[in-house]
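Structures for review follow.
In what follows, chain A forms one complex with chain B and a second complex with chain C.
Up next is the complex of A and B:
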């Protein structure tokens, strides 16, 4: 999948221009950047949500259009409060007027460890359980491309680590594009990491941490990389505060 | 316990009423004693029931039409941008002109039958239902709409599966207000010109200085209005039982 000439401007403020990247199919790619740099907006653009500049060109390597081939996972779980967990997981089918295979839903529930409470309402679940239900709903969509907008940032550290492991295991083999502001998360999950920084923002060259995901980011080999990423992020933040472009 | 407290309050008020009547020796045509009212109510149960039937039907029809038009207006406003600037003024005017002032005109147009009362109840309900439902439709969590869009849902599916259920709590607030004010419309209509209904019967008995019977009709009207409100409230609570409630009185500081 390739993003060429990505361009987004609000009024006279250019968020990014001539932004390009190539996302490798079947791998997990993280876009790492400070808040407000436009990474969520970029992801929304790829998902086909909201306005995008006509110059923007997002293509898949097989040439067919990307829409209807993506699954979306946001920072909030976005579970509908009036539907039970299993109904929420089957939401996509219901919205498209398709029938749902109940066995598939239970299998996914078991995968994310929610098989004990298929009929619970979202309000009765903990934050981690809700996000697991959201993950199951994403898997139920069974799309080749998964777009994630900081899906694990609203839960506590231990729950987050478990969720990351679960997601890495269950989404293996799919093309995942995740935006995050957390370098540790990027190091845990990303086969490829791009730093997004500056104003107008650009994407840095791909960084490929060694080892298989999910990694332990406290490993010595990754510690240096972590420092390097932090340095890159903080210098980018300084650039931003100085007004961006020279 | 839930039913006991209102019952205690109600009984206390009745006792107070009886005390005021016996202690101050109020003339029965000014304020009849509660026991006398009860006796009259039982004596004339058939007549009262007949008039109550008419009033209940008016309230029910008013609620139906008001809710229907209100819901349609709210849907139209949220889906057709140009319609907003056409419907909003109507909405404001429907609320700015007091129904009481419109009542004589409506009677003039629709006669002394049931129609003007239904129109009046409809008018009085239209605003709260439309305003609440429109607000609910507009405030749908945008994340849900994004998600539905990436899932390839049609506009109709999004309305039915996401927007409508999401707007239900707001719609319910509007309906509760409607249930509380609908009897006002019906009774005002009956006062201005009619030949049946609890409001009509009250005026008639007032003219004949049969205060007992007037109070009995008032009592039945209060009973009817309360019953309608609680029936609708109970139905709404069932429909939106998924909504978690937070009680401000129990909030920790």
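Up next is the complex of A and C:
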């Protein structure tokens, strides 16, 4: 998947311009950057949500259109509060007027460890359980490309680690593009990491941490990378604050 | 303190004592005043039985209920549909927003003479009064509800390639139903005020007409009997509204 000449401006503030990246198919790519740099906006542009500039060109290497092949997962679970967990998982089919294979829903519920509570309403679940239901809903869509906007940032550390492991296992083989502000999360999950920084923002060169995912971020090799990423992010944050000053 | 109120018998007997004291006071002071100013509870009860036995009260209740339900149900349907449409069509919302605020702030009773001059004294005029009393609380709450749908929710639906119809059926309407029900609960009481206002001010009929009729006969007990029936109707309608709200919007309570 290639992004060429990505461009977005709000009023007189240019968020990014001539931004390009190549996202490798079948791998997990993380875009890491400070808050407000435009990571989520870029992701939403790829998902075809919200505003986009006509100059922006997002293409898949096989030439066919992307919009039918993308699943989207956000920071909040965005489950519909009046539907049960299993109805939420089947929501995409319902919206498109397609029938849902109950066996498939059950299998997904079992995969995310919610098979005991298919009829529970989201409000009766913990934050981690809700996010697992959202993950199952994303998987139900069965799309080759999965875009994730800080999907694990609203839960506590232990739950986050478990969700990361689960997602890494269940999304293996798909093209995942995840936005995060947490370098450890990027090191744990990403085959490829890009730092997004500056104003207008640009994407840094790809970093490919060694080993299979989900990685243990306490490994010495990753520790050095973590330090390097932190240094890059903090200098980016300084640039951002200078650039943003009136 | 809490443990005392946890006991059902104590709560119940306190309720009962409160009601009993009220009844005794009504009986005592109602009997002291000139009968053209007031009536004791016993006389009111006697008059109630008389009005039931000659069929006057039932006719009045039926007339008021008919006006109430035709007017209010139309108001609920029109207001919820219009509110949902306004939430999706920006030009409709921007164009009408000011008028809605103006009319919501206007005491509807001030419109009654105008409605009477235009529509005269038939059912249409009374219907219009009840409709207007009930319409704005439902519309206002529907708009609030439909506007409170998170844009991210709509985006999720869009990312699932939902069409506009499915978006309404599966997201906008279910999300807005609890707000519509809040509007119904608020509008239910107002529409009852509208019924009595129409029956007083447009042309005498129903319970409002019965109150005027009994007052004309200097029967305060008859006036009180009619008011008591209106109170009971108000309580019943509020209770129905609350039951509907609890039953159809249980998820909203969970989410608070």
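A few remarks follow.
The rule is short, and it goes like this: the second predicted complex is superposed on the first by the 243 of 246 C-alpha atoms of A that agree within 3 Å, B and C clash if a C-alpha of one lies under 4 Å from a C-alpha of the other, contacts with A are read in each partner's own complex, and residues count from 1 in each chain.
By our rule, contacts are C-beta pairs under 8 Å (C-beta built on N, C-alpha and C of every residue); 3 or more make two chains touch, one makes a residue touch a chain.
Since this is a predicted model, take the numbers as computed values, not measurements.
On the shared subunit chain A, the superposed partners chain B and chain C overlap sterically. Residue contacts after overlaying the shared chain place A:97 against chain B and chain C alike. Contacts of A:68 after superposition on the shared chain: both chain B and chain C are touched.
In the superposed pair of complexes, A:49 makes contact with chain B and with chain C alike.
Residue overlap on chain A between its contacts with chain B in one complex and with chain C in the other: 44, 47-49, 68, 70-72, 74, 76, 78, 80-82, 91-92, 94-97, 121, 123, 141. Interface of chain A with chain C (complex): residues 44, 47-50, 68, 70-72, 74, 76, 78, 80-82, 91-92, 94-97, 121, 123-124, 141. For chain C in complex with chain A, the residues that touch the partner chain are 150, 152-153, 155-163, 166-167, 170-171, 174-175, 251-252, 254-255.
Listed in rising order, the residues of chain B touching chain A in the complex are 141, 143-144, 146-154, 157-158, 161-162, 165-166, 168, 240, 242-244. Those residues of chain A lying in contact with chain B across their complex are 44, 47-49, 67-68, 70-72, 74, 76, 78, 80-82, 91-92, 94-97, 121, 123, 141, 147.
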